[in-house]
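Each chain carries a letter (A, B and C) given by its place in the written order, and its residues are counted from 1.
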Amino acid sequence: MNTTLTLAARNLMRYRRRTLLTALLITLGVVALLLFVAAAGSFKQTMVGSITDSMLGHLQVHRKGYTASMDNLPLTMSLQPRAVGLIEDALKADPAVAAYSKRVKLGAMFSNFEQNSSIRLNGIDAAAEDAAVPALRQRISAGDKTGPLVERGKVLVPALLAKGMNVKVGDAVVLVATNAQGSVNGQTFTVGGILEGITGPGGRDGYIDIQDARELLRMDKEEVMEVAVRLKSIDALPDVSARLREVLDTTIRNKEDKPATELHTWADLSPFANIVKMIDMMTFFIRIMLVAIVLVSVMNVMLMAVYERIREIGTLAAIGTQPRKLMAIFLSEGLLLGLAGALAGVALSYAVVAALNVWPVVFAFGREQITLHPTLAAAEVLGVLVLAVLVSGLASLQPAWRAARMNPIDALRHV
Amino acid sequence: MKFFKFVALSALCAPLLAFAVDGTAILKQLDRNLEPESYESYRKLINIEPNGNKKEFVLYSIKKGKDQTASLFLQPSSDKGRSTLRQGDNMWMYLPSVGKPMRITSLQSVTGGVFNNADIMRLDYAVEYEVESAEESDQHYTLHLKARTGEVAYDKLKMTVDKKLVLPIDIEAYASSGMLLKTLHFKDIKDFGGGIKRPATIETDSPLYKGYKSVMLYSGLKKRDFADEVFTQGFMPRLEELRK
Amino acid sequence: MALIHADNITKNYRMGDQQVAALKGVTFDIGEGAFAAFVGPSGSGKSTLLNLIGCLDHPSSGTLQVAGVDVASLSRNAAATFRGEHLGFVFQDFNLVPVLSAYENIEYPLLMVRGWSEAKRREQVNKLIDAVGMTEQANKRPDQLSGGQKQRVAVARALVGQPKLVLADEPTANLDHDTAYKVLNLMKSMRDELGTSFIFSTHDPKIMNEAEQTFTLEDGRIAGGQS
């Protein structure tokens, strides 16, 4: 085997420029794929993290039918206290759940006495919300960033609204809401903080204390519109959501004995999930392109190599080399070529990724600034290496087979 | 011979020309027939949803002069004490729980439903609109009104007026694009005393709120004078005093 | 028992739509330690015969035994094994592997065909590289060697596996006269030392004379007999 590899290496080096060029092509393909995966991965992770850690949580539970009208912030489709209790029981019982937060969601009129605008509000329990979406407080751009998210009588105002209505921390504002019965209630609030926006639904919501929200809506029962759940690890999401959905569907049922709640993962609720799908699809296509590059370039080189060495092949066959040995010689050559190009590509990718972590690339997405922190997962790199080598082998298969099948006499006669 | 025909025709037309429709005069009279310039009124507003649900409000409203009006919510109890004030183009809302009036706009609605603030706190039509053209038929006048300024809620109105009573039957309200925003139907002529005889019911519907209907029912309408201070932001919490 | 026993061998080829009879019935025996030449003009069938003896092809009819083995019916893989164990080849164009050194070229059969251990290989290769006088050039690549040197390496390669028989198709055709003689003498002395039979084909009369046995082929048959 050692000799076969030595032969392969030496034969590759015999036509140095051709080998280098082909290897370079493979290197570039590998680099393109790995860098894209690293950058896209970083982007996805940042965005998903931002969405799940500072706004949506990993999954949410609503009363059945709520999400269909979610944009209108309906007040008539809330979870009743009994259902809320059962949901809490289910969440507490599941070891994968790290925290959860109950939210009263409403639309209101936001007035600074001179002008008014509409605002989407979440009534929250500050401590629970902090545990369920720990990155929310990082979005606070003005006001108390270390204390509780909200307090009674205070409101976290979205930055865009604060700017448009010209309010700052400490200002008095009025929140006026129409409740389910159609009656209007208003309260003065103090601006407790300004909240930076984030892409996606819910990204421009304001936050008040849940008791204030209930008072504003004249809610006499402890109803809840939404329960946001945080898991200990986002990787457990598919399993946990299936599990919880099962539990909730069986324990909380309505008069027609059908499930009365609905459970959605963040991906179900955020349009960003589609962007994630698109990115994954693009990765897939780039991978295919890499396969094509490796396949074509290696096959091309190996076909030429076999043709150039027809007489040599005849000689080796004549002096007793078994056909499978001949095949191995050429197969190794192709594999080595692919491996060399891929390894160079991997090394170059690591170098570029390291450079990108020293001089980070920052770009704007929507109204946010995203800094890329690309990383290369060992599994991904290994996968690409294996892919490159496999495809090189595949590409060399036919030329090597032809070499093995050659008739020595005809081969020896060849010019 | 031709000349004679001309003279004869002109002579016949003359009486008609002398009686050409004066739209502005009709509008002014319509305004006064609906309400005295300064008055107080009691109204019930009913908002009807497509599924049959009803929401009702009872309002006490006052008006002074050309462009000052205020309303006080009497019912439901959850809204008691809420008041609105209009001075010219400016509107405010006062909530007892808030304690200080907030500015609102005429196209919003403090009650929800198809009526908006401009409908509830209405000024004289002649103050906000001018007559572009007027037509006459057997039973009706048809007036085409155009908003005097950009702040007026509706760009154009088409009024069908009862010729004999000089009271509106129908008003169609249009946006500047020509889109129909809502239609107001005036019904049930009633004598409110003090020489005021006018429709007690106004129904409205809108192609923009399919299935929704709102109804305004007048139960009291009386001429009354007020001091100027009544129509200020400071007086809004005290409007109840006027009912004594 | 003769090393090579051929009985009425024929070989037919198809060239386009023509059937060509390259050998029309050849019978002979060659013993061990022979130094024989097949002579004849091009197209006489000498290369064909060499190929048949070298187990690179099958006769169309007739019996052919090499080293006691009926080689007429060997499968492709079996033929390769047989060649690896019992035969050596020397070519007109030397046919050394360009990327291997002289030493490695000689070593090749032991390594890639016979699978000998490192120590055994080293001993044998050094012995032969010495025998052909190429010790100084052991690490040179073929493109750094002269024609004569290359052929000497080729001879060493042919002999390294201790074959019974070495087949050389026009081994001196690309060498100048002096070098040709040198190579031939080398082959003869190898035969003397190791007892390996050599059969070479040639159309050069001067080279012919070096042979101890001559088979003249004419139009697919052997003319005359052993000399």
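In this text, a contact is a pair of C-beta atoms (placed from the backbone, for glycine too) under 8 Å apart; a residue touches a chain by one contact, two chains touch by 3 or more.
This is a predicted model, so every value here is computed, not measured.
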Pair of chains ranked first by number of touching C-beta pairs: A-C
Longest centre-to-centre distance from subunit A, chain (CA-based): C
Most central chain, judged by mean C-alpha position against the global CA mean: A
Intercentroid distance (Cα basis), subunit B paired with subunit A, Å: 57
Whole-Å gap separating subunit A and subunit C, where each centre is the average of the chain's CA atoms: 68
Where subunit B and subunit C are represented by their mean Cα positions, the distance between them in whole Å: 120
For the subunit A and subunit B complex, residues of the former touching the latter: 111, 113-116, 174, 176, 178, 181-188, 218
Residues of subunit B defined as touching subunit A within the complex: 47, 55, 76, 78-79, 82, 93, 95, 97-105, 108, 110, 112
In the complex, subunit A residues that touch subunit C: 3-4, 7, 10-11, 13-14, 311-312, 314-323, 325, 408-409, 412
Residues of subunit C defined as touching subunit A within the complex: 51, 54, 56-57, 76-77, 80-85, 87-89, 91, 93, 95, 97-100, 108-109, 111-114, 157-158, 161
